[in-house]
Each structure stands twice: as structure tokens, then as C-alpha cells.
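Take a look at these structures.
Shared chain: chain A. Partners: chain B in the first complex, chain C in the second.
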Partner chain A sequence: MHAALHPLRRPRTFGLAVAALVGAVALAGCQAAEPDASDEPVAGGTLRYASGDAEPTCLDPHVGGNYPQALVATQFLESLVSLDESGEIIPWLAESWQASDDGLTWEFTLRDDVEFTDGTPFDAEAVKANVEHLKDPATQSSTGYLALGKVDRVEVVSPEVARFVLTAPDSALLESLSQPWLAIESPAGLARGMDENCQAPIGTGPFVVDGWEKQERISLVRNDDYVSPPADARHEGAAYLEAIDWRFIPDAASRYAALQAGQVDVIDNPQPDTAAAAEKSGDPTWIDAPRPGASNRIELNSGQAPFDDERVREAFIAAVDVNDGIDSLYFGTAERSYSPLSSAEALAYSDPDLFETDLDRANALLDEAGWAERDDDGTRVKEGERLVVRFPVSTNQSVPAEQSLFEQVQATAKEAGFDVQISLLDLSSWYGALFAHEYEIVSAPYTKVGPDVLRILYHSDSITPAPSGYFANLAQVNDPEIDALLTDAASTSDAAERADLYERAQALILGGHYLLPLYDQQNSFLVANSVHGARALPTVSTPTFYDAWIAD
Partner chain B sequence: MPVDGGSSPSSTGPPAARGGGPAVRHVALLVGGAVFVMWAVATLTFFAIRLIPGDPAQAILGGPGSQASQEALDQVRLDYGLDQPLLAQYLAMLGRLVTGDLGTSYALKVPVAELLGAQVGGTMLLAVCSLALAWVLALALSLWSTGRGRIATAVGQGIELFAAALPHFFLAAVLIAVFSSGLGWLPPVATGTPVGLILPVATLAVPLAGFLAQVMRESLLDAMRQPFVVSARARGESALGVRFRHTLRHAALPGISLSGWALGWLLSGAVVVETIFAMPGLGRTLLQAVTLRDIPVVTGVVLLVALVYVVMTVVTDLAMRVADPRLAGEAR
Partner chain C sequence: MSDLELQQATVDAAAAEARPTGRPRVGTIIAGAFVAFLLVATCFPWLLETYDPNAIAPADAFQPPSAAHWFGTDESGRDLYSRVIAGTATSLAIGVAATAIGLALGLVLGVAASFGGRAVDFGVGRLVEVLFAFPGLLLALLVIVVAGPGPVTATIAVGLSTAPGYARIIRGQLISIRSAPYVEAATVLGRTRPRILGAHILPNALLPLVVLATLGIGQAIVWAAALSYLGLGAEPPAAEWGAMLSAGRTYLATAWWMTVFPGLMIVGTTIATTVLGRALARRERGVR
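Right, the complex of A and B next:
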């Protein structure tokens, strides 16, 4: 027996030797670089970025227009204007701008020293071509198309001056133009047609799309002739990094493991526990960059029973307790919001007093509203109808922590006699439920720069569905006073008046018990300590690596 | 035992054909069967996808949230023939398939054949390596533990059962935690190098090895009770020698017939493994296509996997004849 087993021994020893060798090689490769003591930026190197967002199907953010496109487009495309950290509009490809007194024409003076990376000059003709591209139905733009809703056309005054002609005054024009979905691309690049342009759009940015291997990586290389950083950048000229290796790692745990193992330098969409750990330890660095636009909130469908009764809406909000859930599920990385707007919005208005949990008050309100009886489950009943709250949840848009939070909403609302029925749905089915009005509450993110998002979400015009069935006013707020405030705010050119109008509108929306704000739309990054100078652009909080460098 | 009907040993090989040209008839049956299976798969996929809620025109325009205009929707319906009746769309698809045209991806706007062609290599490499490793593990385990007394048998069976029951996503997480985050030996996401392939292959191979070993053990035990084992031992063969030279062939038979099924099973496992280890491949392509309602790509992947099943069934059929000359004799 012993002799017979002997031949097996050698392979086993050999296997161990191989394992040891593999281990040694792997260890050598993963040896962490010694931190560089100096703060002097070092040129060169490749930054490896791992995204957990979906891989775009087209790299041109004009086409469709979603967040995954914005993430990567920020590296190679630029907009006319940007935002600084205080929310002020700052110059980018446009040096200055002037609106006419009636607010119907805007003249943008453009930089005259910028070229697209294919050699095409950046000028007013290019701006005109981009606006036309966005407005052309064949482009299939939705985000950019909506943002240009009031723009009729662009006129070329001179190569350096582009005139936007509007159909109505638009106080949100600059904020709209700052978004990556309205970035300016080479007209020659656009002329290649959608299929080719989707593979490698041509812009003026610090990096250039060098190649796109589907499901593997987007290779970005430095634009050596780069001259046009936004006004809040920390240096001039070409980027420090030689290249960016943009990868897609859909699984959050693998993504974090890859960062820990030194396989990548930056990851997005970290899980709350890893973000919290990084916040405490400082290694890796946690960049918290909540998205602008609306806060994440639960909206109450006021268009049908039972939430067409304001008392029932108020009762629901008074019954539900989310604070403990937010603390424990997000490990302190998400702060409770009491506003319809993201905290990234300068004009966000909060009213915490409206959202105190008070079960007695909830019960009293429901009794008063006629939901006085309860069935065997403890669910309230009125005229034979149970107090059912259908809650379709999109698994694409709600991370597991948020889904758990919704279960706590369900549990706390039950005490007041609400039967909250959560259904986890994929995106198409979720939209299907919304379009069919098969919901009493819903949570839908909405990213946009500026408070004009309130008009999209709460103006009664947004109850009317688009041809696709889509409507943004999910709370079905139909209040002429709110409509008037939002319409006025969108057209006033006076900053103080605009702020006042938006505050009054938000106070009315919150006071009408149409929504339960939760927290900002979570968006954050983990950055290895060897990477310096990475930041999120204050527009839609996408990362920019123009100022970034890797310590060696 | 997780065996699908078509690949169990008893049904392998049609009974000896009477009359002229049995080999020709055998081949004709195989090819005819294959074509029928492919047609059935294409048809089922075509109609099943339409049961999922969601408008294909919306999918083409970036999903229901994209707020596409009516003009854009109409244009797309016209361009893609979505305004045609369902039966016309079905026939048009069949017509394209017959000419080998898998259509164009709704989401990526590139030909499906090109898209799958770029991804099939990685997935096949993953599947074949996993199958090979599973075989090695299963053989080692069953040869070691069979007929070695109750303890070895119990341990062997326990390992098999445990391995076979491991879900891929769980095993992957454990392997990453131990070998990447813990020991730091292996990269947690695929790197395109052989080292990066180790964890994904292990994730797919271990549960499969459990299945294979379970089946092999049965036949190995059977074979070891046969008189020829006693006579071989009487001739002075060592216990291990008997196992390798005589009983292994018997143990391998059900394993081979399972391998056709296993390769298809590995392709479905690739959906999970490719996602976790961030590897490019058919699995991820399929997942993305289903999410985006990208009907041509889903159909293309399903057809490709069906083709693999069909080809593997034929190959295992032939391999069985080599491993077991009795079957070959039967057919002739």
C-alpha cells in the first residue's frame, strides 16, 4: 500500500512548490508603494478605475444620457460651464456669458485657444452643431434633450460668440449646460454617425478614448495638448496621469477586494460598511459626493385613494420611523434629509419638524379619516377596503441597504395599521407598475444640476405621461400655487427672488405631506492612498482625474 | 442525480439500425435532431422574451426611463420591424437565422455574431478549464475514497455532497476572502493572465467535481466487485494499479456522459462567476442583455449555448463508444 501510494507524492510536493511560487509572485506584485513624503505632483503612470455602475452601451452622453455615461465622459468631454464647490457657475469652455433683459437670448463668449483632439477647432459653429445634435430625434437623447427644452436654436455671432435663442426665459440654463450630458463634442466626430461616435466620442478633455473592449475596459490616454481645465482646477496644461484604465467590476465585494489587493486604484459605489471603515481609518480615502438634484425620498401617490386624503398621508409620515434604520444600515455614512432637494443644492430647504415620528398622532389622524376599524392582521379597514400601500421597488436603483430600510418602513407603518406591500422588481417591470399607477408609495432617484428639478418632479405638467408612459411627478402633486411658484422661479433672472420662490415651493411640497425625504442620493468613491488630487466635479459629482497623480 | 434526460448512459446511442446505411441514418438522425432542437430553442426564446414586460422600442432607446419622444419610438419601430405582426417578426427572425444572421444588438448597435465572437473564447476557456479541473478532482476523490473502508467512504461522500451543494456566489466569496483578501496569493478579479483564472475556475470546478465524483463512485464500486478485479489482483497488480488500469474506465463512463450536460451547466454558472470576478464573457453578456431587454443578444447567447449542448451530446456519444467498446459494437 505504501509503495503504491508513492507515485502520488511527487505531484503533491510539486503542487505545493507551484502554489508557493505563485504566492510569492503575487505577493511581490502586491507590495504596497511607500507613501511619498513630498506633495509635489509626479507625472506619469496609469490610474486603474473600477466602476460598479453598468457599462454604457454608448460612450456619447448625448445619446440617452445616464449616469454611467457621465462617469466616464467626464474624463474626455467638457461642458461650456462648470460649478464650483459653493454652487456658483464658473467658466469652462465658455469664458463669459450675458443674458438679454427679457431672458430670451444668451450670448456665450467662448475660449479661442481650444481644439478638439481630432484637430477640429472649438468655436461657435461647434456649439451650434452640438445643440442641433442633442435636439435631433435621431440622436435619441433624453437627458440633454429635456435640458434644452426652452432652447430654440443657437446662432453663430462670430467664431467666439454663440447666441442661444430661447422660447421662454430659463433660469436653469447655465446649470443645465454644466451637465456632462450636454458636453461639447467635435462636430467632425458627430458627423461620423452614431455607431462610430458611440465607440469613441471626440472632445476637448484631458484624456482621449483610445479603445473600448466591451465588458473589459475603456482605455483612456492623456491629451498632451490639453489647455482647457475648468476655472476651479488646481493646475494648468496636460494631466499628470499618462492613462486611465477604466474597468467594470459589477460585484461590490469583488470591487473592494480588488482595491485592497492593489489591482485597482479607485472604485465607485462602495458598500456602506466599507465606506464607513475607510472614513474612520483614512485608508483608502473616502470621497463622499452626493448627487445633485432631488434627495432620495419616498413619494406618496396623492392622485388616488388612500393618499388622496392629506390626513392619511400625514398619518403615514408620522407613523414611519426611518432614522434608526438609516444609522444602522448605512453605518453613519448617510445623513437623514428633510428636504426634497439634495444637500448638494445651495437652495435646498429643510423642515425637520414635519417628520417627527408620532404613532399616537398617526392613529388619531387615521381614525379621523374614517380608517377606524382594524382586521385580524391589525390592518385598518374602511368600508370593506383594507389600508394597503403598494410599494414597487426597483432592484436596479435601490441598493440592498435601501431595500432593508424599506422593510423597516413596512414594519413601522404596520403599527399604525398600514399594510405596506413591497415588491422587488427589475427596471422594466418597475416602470410598468408606475405607468399603470399601481403604487401608493415609491422611491425614484432624479439627478439634475440645480433646483429646477423641483419643476420636473412636482409641477402638475409632469403628471401627463410622455409618449413612453414616463411621468416624473410620481407624488401626483397637483397644486396651482406650487405650479405658479415653480414656473416663476424657472423664469426669473433675479437670484434672490429665485431663491425665495424655490423656498416657498419646497415649504408647500413638504407641508402637503407628499413625500418622506430619506437622505441624499448616495454617491461615493474609495481612493487608494497612493493617488492624490482626485476629486468629484461639483456638477453631477462624477470623478475627475485631471489633477490626480500617483505617488511612486 | 442531476442528469438531464438526453445524456444519461442508457439512452446514448440509438439501437442498431436495420436495413441499408446504418451509419448514414445515424448521422442523419443526429443532424435532424440538432436542427430540430435549435429551431425549438429559437422559437421558445422568441416568444418567451415577449412575455417579459417592457417595450422593445423602449429598450432600443435606452430603457423605459429614457423618456424617448414619440418620433424616436416610431422611427425605431419602423427601423426594426417592430410595427409588424408578431408572426411576421417571428418568420423574419427565422429567415435571418437560416442565413446565419443573428441580427444587431439593440443596446450596443453591433452585429450579435461579432459581439458573441469576441466573448465566446473567454467563456469556453473558463468552462473547459473548469471541466478539466473538475475531472481531476472528481477522479482523485473517488479513486482515493472508494472501497477503502467505511470511514474513507463516509468522508468521501461527505466531501462530494458538500462540494456539490456549494452555490457559486458563496464559494466565490469565500475563495476571494481566503486567497485574495486573506492570504493575498491570488487576484480577486480576473486579470487576463492564467493566475487570474485560478479562482474563477476553482469556483466552477469544485461543485461540479462533487457531482462527477458522486456518479463515478457508484460505477467504481460496481467495477471493483467484478471478477476481473480479483483476477488482476491475483496476477499481482497493486490495488492502485487495478484502479488506474481496470476500474477507472468503468468509473469514467457516467462521468463522460455527464460532461456534455456539465459544459452547459458551466455556461450558466459563468453568468455568476464572470460577474463576480469581472471577466468578459458570454455570461456577463447574457446578464446585461436580459437587463436591457436586448432580444437579439439574448437569442444569440441562448442559441449558442443550445449549440454547445447539441455538439457536446454528439461528442460524448462518440467518447462513450471509445471508452466502452460494447456500445460501439451495439451500434454496428
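Right, the complex of A and C next:
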């Protein structure tokens, strides 16, 4: 990782880098000068991006389908539709769409002037091939596979018209299709097989994957023939930037130091204290883009002891105190959530009353549930079993501040007699612990456009693992009433009825003590002031650099 | 020159400058006092702690050093002084246990090499050379990858990776003692080999080993802290110096005390054990 900081592409910053290496942080201030007086975009230059998310094992977001894949795929893949800032669906690769009255068929009219970067034409056949790729168990898709749960097949009506045939009405279809995990790739690219396609998926986007040095960088170069920006882009034609140098710097402090030293132009997942400082000073610029879908929450595994007993779940939630911790650790950049949904979702339902800390109540509930005795450590015991709560934490998915918050969860739960055992794991060990059900609580980000994420996370169908092995219902919620509400909500086309159904479902999920909401999924970027026009796509808040340019 | 050979050289240098008078130096006294303080912190931490080291108080997070919190507070409002004290036991235990493991393994290998005949000597020699080819910390990382992270694994890992150094030094020492006149005399007198080993050779080899071990503890503590710093040793919320250093580094720009005090403890402990080791070495050579 150390080496990742050294090689530099742009000669003009070489001197600065040397200065930075000898620790002259002050010099970095000179580079991040005041923005140019003229706001005229300048073409050319390489943007250097440093990601703190895990390096993907496959660049094709159809395979598995996690956020790190979405971050980079946004640069070279595009979807049928997108979202604007107000949350309305807008055209992208599809120009228009029409649902049948029964909601079981959707016809998408596609752009007829778009080609994949390998020269394959973008048409209805390509859309069909992508949906089939996502639904094929051999692809090992999770996110895309679940999102297409109701799509039976795609029919080619004509080269410009693709017809989606559904098994049940799906009020979330357009939202699902807007996500990078359902982006459209070249059928010829997909036909190369998983190994090759994972190295360099072929799309229609403003950049093209040029090379991928594992553990080091992904090189992206401009697609000069680009014609298909989403409807809310600020310009047409090819991107301004010549290339993007996509690096991986897992350590938050090193990542920030690299930005300060002028070695990179944009970083993601900044530590809250640096984000708060940037918000105040405006240098670098802080782009705050909470992810849609679920809030960041701790799920309680209700599928096995001890949390199969609702009283024990309620006791845990009553014992844990996170409010002060969120305030002090996040320096005012994160707000406490009381909802299973992100505040970016219009239909999010909150109930703060359920989450008031009450140690006496926690103790009373645990006594009642049979965990009345305590051992020498103060941990409660029932029939010789200690009240152990295993908590696998993915270090790739949480900044140090969040890990500190989890330690506070551990400390406050201890007072009620829970022995919370945190293990810090890398992403693959963490998945391993989940697949083996070796957890009582877990914090797993889940991003999806729209409230239908509730069906993915809390419908009993999601207890069954997707082809990737991941089961999204980590709380193991298995309640027929919740299932019915979520199924109805996903099928109705009546907006008011949909809102009502989702509210009732959320009230039941919160009331069942399956989760402890913390805050929105934190997602923000620090951008050097020399970079202009960078923004987060309103779909899943991944950054797009199509409109971005670098001022000298 | 490996770290341990360096330590041996330190021992020799200390012996060379040994003064005939038995009066301890000021540095030795200070080092001894510091080690005594560490021992109290290890055995009776509650005598020194001013707060519960794991009690959180998020409202008091990031407090600079003050009369209430001598070393300030960390990101969860925990008292850093109390955590540094609480961490002493973990760090010292890992240091001492790892050194004991390394020394024991080294003793077995060293005795086997010097008394097991030419073939065994050859085998042990090559094994030690192979292990030496790995940098010590890398060997420790390898053990942790295989056995999984945690304080016990970290101890064993550090112990194993110091063993080859001890083995080589012990072998050399035993061979030089083996040819000493008093051993030859014992052989001529018809003493059996186990008896010579037990009554003459080991007692004379042990004292230098104690000196070596004292010096080794400091290094083992640094290595153990390094492993915890990498997230492979102590698990949260356990207070451990390396882990505290790692947590504080994130806030280095705004809360310097979170790294400085655990760092000072690591440095102080290493220096104190080294100074004591040198003093022991001087005494040992002086007595002889």
C-alpha cells in the first residue's frame, strides 16, 4: 500500500510529491489554491481517486454486487434509467418506458445511437442478454439477482424496444434498474466468460477500463466516442478528463494524508473529524451523499439463541446507548436514525420512542427471560450458557470512528450483562462468519434505490441465500404479516397505498426489535479544490466524474 | 547481524566497560524504579488506576490532559492514563511469555545442536538458517495467518520468531563451555555426559541467558505492540499499548495525547529493560 502513494503520473506535481514525502504538509495548501475565476471547463488531465472501500475481486457489478464494485463501475457502465436530485426517474440508455395496465409487462424504448466501447451495438438483444446474465445462477449475482426477482424474461420486440415480462407487478422496477448493479454490459463482453469479464467489463460509459494492477490501481481512460450521458448531466459528448487513476488506500489516515499532500485529488470514506473540518473550511470540498436504501443499523439475529427471544432483543436495544457516541465521534456530520430506511428515502418511517436507553427495563426483561444470574465478569448466565453476543465487524466497511462506536455499544451492553465479542475481520472472513451464522449482531450496509430494500432485508424469502451465498435478511426476520405487507407494497401501483403499506411494515419491523438504527449509511467524499464538477449520482450516491475537470 | 546478535554484542560491550565497584549507576536505579512501577501496574493495577479503563463517557471524548484526566481521554471518553496502566499487564505478559517461549525453544535446539552429534548439529543449523531468512516480524505474521489473530497467538508468534536467534547464541555458548578446562577435567574424571551437562555446563550457561532474556523482553514488547497496532493482537476493548497507538493515530492531528502517552510507555519500557539488562550483564561479567 505504501508503494501506491509513490508513482505519479503528472510531472507537474512531482516536486510537490517529493516535498510531501519529506513531510511538508504546509506546501499542500499551495496546490489546493482558490478556484479559477473562470468557470470554463478545461479538457485533459488525470484525476487521481483514492478509495477506502475494499478492492473488488471482480469489476463486473453483476457478479455479487457490492458497493465497492458500484463505485468504480459507475465510471464505465451505464443503466437503463437514472434518478434526478428530486428522486424522479429520468431517461438514460432507455429513452422512454410504458407499463401495461396489469403491471405485468414493461416496454422500454432504447436509444438507437449508442455503441459499447468494443463496437457492439446497444440494443434490445443486449438488454435481454444482461438480464439473463444476472438471473443465471452461474453469475453468482446477489444484488442484481434479488432486484430482478419478479422479472421472468425480456422479449426483443424490435432492436429499439425491449419488453420486460414480470411474474407479479413490481412497483420498484424502475428504481431497481437505475442501479449500477443492473448496468448494461456488452453481450460480446459477457460472452468472454466470468474470468475475463471480471478483469475489464465493457460498457457504454464515459471511461473504459484500461488496466487493473491488483492491490494497486485501476486505470480508466476516456471513451472519446461517448454519447449517452444521463438526462441530468451538465454537458454532452466525451468527458473532460483524459483518464482516472483509481487507487486503493484502505487506511483512513493515509488516505487523507495523500489528499493533503496533493498525491490524490479525491478520496472517499473520510474520517468524520476531517470531513467536519472540510465542511467548515471549504478546503477540500466535502461532498456528503448518504446512500439510499437501508439506514446503517445493527441487526439482531433472531434466528438463533439468545435473540430468538424477543425480550432479549428488546433488552439489548434498551441497554445500548449510542447517542452521545454519535455526537462525539462524528463531529456533527451524522444524525441519529430511528428508521430502517435511509433519510434519503421519502417513505422512511421513524419511531424514536422505541430506542430510548433504559437500563432498568433491560435488566427486568433479561431477568424475566431467564437470564437472571451473573458470573464473575457480570455477564448473565442461563442454564450454564453465558449471554454472549458475537459481533463480526468488517474493517473494509467501517471507518475507525464506527469501530469506536461499536466498542461503546459493547461497553453499554455490558452493564446489562451482555458479553459482546467484537472481532475485526477482513471482508471475506466477515462474509464467512455471516454465511456460517456465527453472529448475534452485525452491521451490514445495504444500498438499494427505493423502499423495496425492506423486502430484500426483512422478507422471509431473503433468509434463503442468493447464488453468491449472501442472505440479505441478516436479522432472520420471519413474520408472515411483514411478508404480506412487503409483498403487497411491492405490487401496488397506487402511491398512497404503497406509502401506507411500507409505513405499517416499518412499524412492525421496528416494533419487533430486530434492529438498532444508527445513522444514514455514511458516504462522503473529499475533493481537492482544483477539481470542479464532480458530483454523486442520485441513484446510489456513487461519484461520477463525467462532468469533472481539473483547473491548473 | 540479527537483533539478538546485536543484543549479545550489547552484553559484551557492557561487560567490557564494567567497573570493578559494585555500586549501581543512576540510570540503572531509574530503570529499576520504572520496572518496579510497571510490575505494580501489572499486579495491582487498581492501586494506580484513577478510572475504570474500559468505562466509556462519550460526552468527555477527546479531552486534553488535565488534572482530572492526567493523560487526557480517547475517542470514547475513556481515561487514557488508566488505560495505559491497564495495558501494562497485557504488554508485559506478552513480552515475558514470548521471551520465555523463544528461550525455551532456543534452549532445546541449542542443547540438541551442541550435544546431539554432528548430524543433529547440521540439521539444527540449517533449520535455524532457514528461519533466519525470514525477517522476525514476517515469521510472526505467518504464524498469525495460520492460527488466527488474538493475544495468545501473538505471544506464540513473537516467541517462535525469536527462537532461532536464541538457539544460535545458546549453541555457541554451550560449545565454548564444552571445551572449558573444568569440563575437560570432569570428563577425565569419568563423569557421565548428562551429569556434566546438568552440573557444569547448564548452570554456567544460564546466567548469560537471563541477561539475554531481559534484553529480549523489550524487543518482544515492541513486536507485540506492532502486531496489535496492525490489529492482529489484542481485541477490543482490551487496553494494549500498540492497539491504543493505532486508535490514536487516526486523530493524530487533533488529539496528540492519544498516541504520545502509549508511545512513551513502549519506549520507556524498552529502554528500562535494556538498561537493566546491561546492568545485569556488567554484574555477571564482574562476578565471574
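What we mean here is this: the second predicted complex is superposed on the first by the 386 of 552 C-alpha atoms of A that agree within 3 Å, B and C clash if a C-alpha of one lies under 4 Å from a C-alpha of the other, contacts with A are read in each partner's own complex, and residues count from 1 in each chain.
Basically, contacts are C-beta pairs under 8 Å (C-beta built on N, C-alpha and C of every residue); 3 or more make two chains touch, one makes a residue touch a chain.
Only a predicted model underlies this, so the values are computations on that prediction, with no experimental measurement involved.
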Partner chain in contact with A:I202 - chain B first, chain C second, else both or neither: neither
Contacts of A:M194 with chain B and chain C, given as first, second, both or neither: first
Chain A residues touched - chain C or chain B, whichever exceeds: B
Chain B versus chain C as contact partner of A:L424, first or second or both or neither: second
Chain B versus chain C as contact partner of A:Q271, first or second or both or neither: second
Partner chain in contact with A:A253 - chain B first, chain C second, else both or neither: both
Contacts of A:S404 with chain B and chain C, given as first, second, both or neither: second
Touched partner set for A:T412, first chain B, second chain C, both or neither: second
First, second, both or neither for A:D327, with chain B first and chain C second: second
On chain A, positions contacted by chain B and by chain C: 253
Parts of chain C lying in touch with chain A, wherever the complex brings them together: 54-56, 58-59, 61-62, 75-77, 231, 235-237, 247, 249-254
Complex interface listing, chain A residues touching chain C: 252-253, 271, 273, 324-325, 327-329, 395, 400-401, 403-404, 406-408, 410-412, 421-424
Residues of chain B touching chain A in the complex: 52-55, 58-59, 61-73, 75, 107-110, 115, 118-119, 173, 176-177, 180-181, 183-189, 191-192, 195, 198, 238-241, 275-278, 280-281, 284-285, 288, 291-293
Complex contact set, residues of chain A against chain B: 1, 3-5, 7, 19, 22-23, 25-27, 30, 50, 54-55, 57-58, 63-66, 137-138, 140, 142, 145-146, 194-195, 198, 213-216, 247-251, 253-255, 257-258, 260-261, 263-264, 396, 426-429, 431-432, 435, 466-470
